[in-house]
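For reference, chains read A, B, C and D in written order, and residue numbers begin at 1 within each chain.
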Amino acid sequence: MVVEIGPSNIESQFALDALRQGIRVDGRGIYDYRTLKIACGPTPGLVEVQLGETRVLARVSCEVSRPFPDRPTEGIVQFNAELSSMAAPGFDSGRPSTQEVAVARMIERTVKQSRAIDAEALCILAGDKVWAVRVDLHFLSHSGNLIDAASIAAITALKHFKRPDVTVDGEEAIIHDPRDRNPVPLSIHHTPICVTFGFLGDGELMVVDPSLLEEQVQVSSFTITLNAHREICALSKAGGVPLDQEQIDRCTQLALTKVEELNEKISEAIKSAVPDTN
Amino acid sequence: MQRPDRREANQIRSLHCMLGQLSRVDGSAQFSSGKTSVLCGVYGPIDVKVYDEKLDRAHIEVKFRPDIGVPTTKDKWVESAVRSTFEKEVLAQLHPRTLVQINLQVRENDGSVDATAINATTMALVDAGVPMKTTVAAAACVVLKDGSIVADPTKEEAELAVSTHTFAFANGSSDGPLYVDSRGRFSMAEYNRCYDLCRLTCDRILAFMRTALESKIQKESAISAV
Amino acid sequence: MAAAETTTPGQLSFAIETFERIHPTEFQRRFLSQGTRHDGRGFAQFRPTHIVRSTISTAQGSATVRIGNTTVVCGIKAEVSEPDVSTPKAGYLVTNVELSPMCSARFRPGAPSEQAQVASEHISRLFQSAIDVESLGIEEGRACWVLYADIVCIKHDGNVLDAAIVALQAALRDLQLPKVEFDAVSGVVSADKSKMQPLEVEALYPTTLSVLDGNYLVADADDAEEQMAASSVLVVLTDSAVANIWKRGALVERKLVEKCVAMAEARKQELATLLN
Amino acid sequence: MADTKVVIPGDVIDTTIHMETGDGDDSVVRLGPGLTQINDSVTSISAGVLHSNPETHQHWVVSNKRRYVPAEGEPVVGVVTARHGEGYRVDIGSAHDALLPLLAFEGATKRNKPNLAVGTVVYGRVVVANPVMDPEIECYNSNTGKAEGYGELSSGFVFQCSLGLARRLMDAQAPVLNALGDEVPFEAAVGLNGRVWVHAETPAATILVTNAIRNSEFLDARQTKQMVKELLARQ
């Protein structure tokens, strides 16, 4: 059985020693993200995010479906985030580890439960036909901080996606072929983005965007999800050492500036996306 | 008959291949034919589960994930097709009691995805340095209602097809196929025309693979020569 | 050990069963090199094939197929359901192949094995084109027939795929669906069991051939032969065309596939007689 | 050798072209890594640069990999994963953990032997490498009984690189080591399993060395020098 082996003692010790002097193993500053690359398209809703060596692919798709009986005027948003052995040796899609479950749950909370997608705008014929939008997140390479990379990929893909246009004529709904009529973007309420902090040592050493080694050594982590309106959409501090109230405040302030930068990068990426040839 | 993307009947879409862009695996490749694109990450030889351990050779495992939705029996079928194609070509006996794991992820499926998956697997296995008897290339074509045959069909063309044909061939002198999946309703005359077309296409894909590998290797060897 | 002392060179010093068990490949090779197979068949010879229809009284259509020791039972249950949004006029066929520990010690209880899933998927794809799914429609967008075909292997002694395809074919021919009426107001489907009608099924004739050690092409491999096969070719024919050629495993010569199709043509006559 | 012929799996290698210098008698062809015999012809089984030595009739293919397959005599950097009665299990990046006997250290006796915790990094040498057995390493030279640089590595940092880069680093004249050595004092232990241990005076210097070595993977000698210069300037 392939088991992910943690870092050696000297790697862990070195990461801490360096951090105590304010430097990180990969040469970054403690408040720096790794290099972020967002590639959109050419197909609408296909986005690959590269955060350092971490890679996540997001794919948004849709199909016509029947609405749930208790919500006849709302579209359906389905979500799928599963870690496979592509991302790192030892990941097994059959038996997810607690870490994998945590990542998938956080992303789902960020994108789906924060109601970023306008579900009512996905209704075609009340009680009969609605759009079912699917977000598939494929983790391609795990080099730390999957959550932030996945949240950026998911929200960019939703903004980049276009669904076929529909005309409703009485009881009939005509779904237009993308070649006949230009597809339309989804109605997105807001763009929640995760910013993750790792805490090392006794919790006094904080880093933004922890690398794989930092994740393996950290004693606690904290993820804050914010949108461009400076609203908090989700918070997660699952276990680990207790943190000071002040540290959380500091994280929130930092996250606000980070989210602003990330939002700009997302908008830029969508603007410079390769156009679909079809 | 005019193809929607104005290709000639025997023309394949433009090929792209990126090697070694994943950092956690031992070898990786992204192989694309037009919009159809498959990413493959290979580990091996690595430790194997006791359940799968073979005393005289490496166990070969294939995992195939679709671009949309969770894996279904359709994807198990592709896994089995890819595994059967490579099982006898990987020199598994050189690494007994180990595992060679092939992870495939469809980035986008616009037709001919089985063939593209096989091509991505070849490149990733070579990138990982897993010993292989040969380099494998695969290609697909379809027979349309008017009897015309078109190479490397898009999803749209495949849906209109009377029969679809996927072949894999090996680098080298041998004439025969490594993998055949012909389905629909067809005659042996049509099968043979599809065979010839895919054989030619595979030769071009093999030449493309060689170029892609050469440029990577030459870049590396230029460095070590200094 | 007394026997061993009296053996002459070239003869086995142990029981033939022991030889088969300790060196199965060499055991098979001895027969093949003599132009025969370990069960006495010729290379192109199939095992005796039997088809019995209506073997399960509780299913709407059923059949049991035996090819040598390999036994497969197929039962079809028809239910009324809502059609898929993307195909409002059509019904559908759901196939499920079961290879349980009962049929061979190789299979483990629990989730279906890869072999079972691959067989289910392959058969499902084959039969999509053999039945007219729109003939399973009842009322557009409201009601349709769903045929659940459970294909259970009772004894696995090689060539299960051929047996499963023949079994499903026979069970579909055995199937009788009642004439149904759809009430648009209540949305209720009522069946008239006095008026039963069969389903149109295009005939599919499967033939599996295996390439054994040293390039011997044999028809209808049994379990022992399948274990040592370098590659296998499945040919499925209809009355007038080829429906499927599926070749897996090691490299073969181009001519070999054509030879397989010719052998399948001969087998087709045999199966056609058995099915009708 | 100006020969940079690239081969891919399945290519048939013509072994006769380099035989001209042979005296006819000595027609034995010797195949090294990356080549094998399939149906009477010499065939490449990996992608890389084909090398031939006309004098010895040796042919082999040089290719780069990431996954380590142990070979006898090679130095490796490993991490202790478990301790058993007879020795340690050490992860050296290959399919199976290597065995490190308790007494395979300099001066180790039944009474007095090193006690290594799980997670300890060791520098060792492969002594048993065989596809059907788990590999075995030792942390001293069993012929001389001396450590010769092998043993536990404490402090410093360990990182991964390709097997090809590791092999290049084994050469003391490797451009990146030369360029660094002139400016920063540091120690390094290179494992042919693609793991490199470095130790410099400060964490900042260690990180600099680590990044310089990692960056040198795709750079030639001149580019390497430039890259190291730039890294130093940023300090």
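The working rule: contacts are C-beta pairs under 8 Å (C-beta built on N, C-alpha and C of every residue); 3 or more make two chains touch, one makes a residue touch a chain.
This is a predicted model, so every value here is computed, not measured.
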item: Third chains touching both subunit C and subunit B; value: A
item: Pair sharing more residue contacts (C-beta pairs) when B-D is set against A-D; value: B-D
item: Most central chain, Cα average position; value: B
item: Intercentroid distance (Cα basis), subunit D paired with subunit C, Å; value: 52
item: Cα-centroid distance, subunit B relative to subunit D, in whole angstrom; value: 32
item: Separation of mean Cα positions, subunit D and subunit A [Å, integer]; value: 39
item: Mean-CA-position distance for subunit C and subunit A (Å); value: 45
item: Subunit B residues counted as touching two or more neighbouring chains; value: 43, 46-47, 99, 170
item: Multi-partner residues of subunit C (each touching 2 or more other chains); value: none
item: Chain contact graph, described as a line, ring, star, complete graph or other shape; value: other
item: Chain pairs in mutual contact under the definition given at the outset; value: A-B, A-C, A-D, B-C, B-D
item: List of subunit C residues in touch with subunit B within their complex; value: 114, 117-118, 120-122, 124-126, 129, 230-231, 233, 238, 241-254, 256-258, 261
item: Subunit C contact footprint on subunit A (complex, rising order); value: 63-66, 129
item: Subunit D residues touching subunit B - in the complex, by the definition given at the top; value: 4, 6, 8-12, 34, 36, 38, 43, 45-49, 62-67, 69, 94-96, 131-132, 164, 168, 175, 218-221
item: Interface residues, subunit B side, partner subunit A - complex; value: 22-25, 35, 39, 41, 43, 46-47, 49-50, 63, 65, 67-71, 99, 101, 103, 105, 107-108
item: Interfacial residue positions of subunit B with respect to subunit C in the complex; value: 73-74, 76-77, 79-81, 84-85, 87-89, 170, 174-188, 191, 195
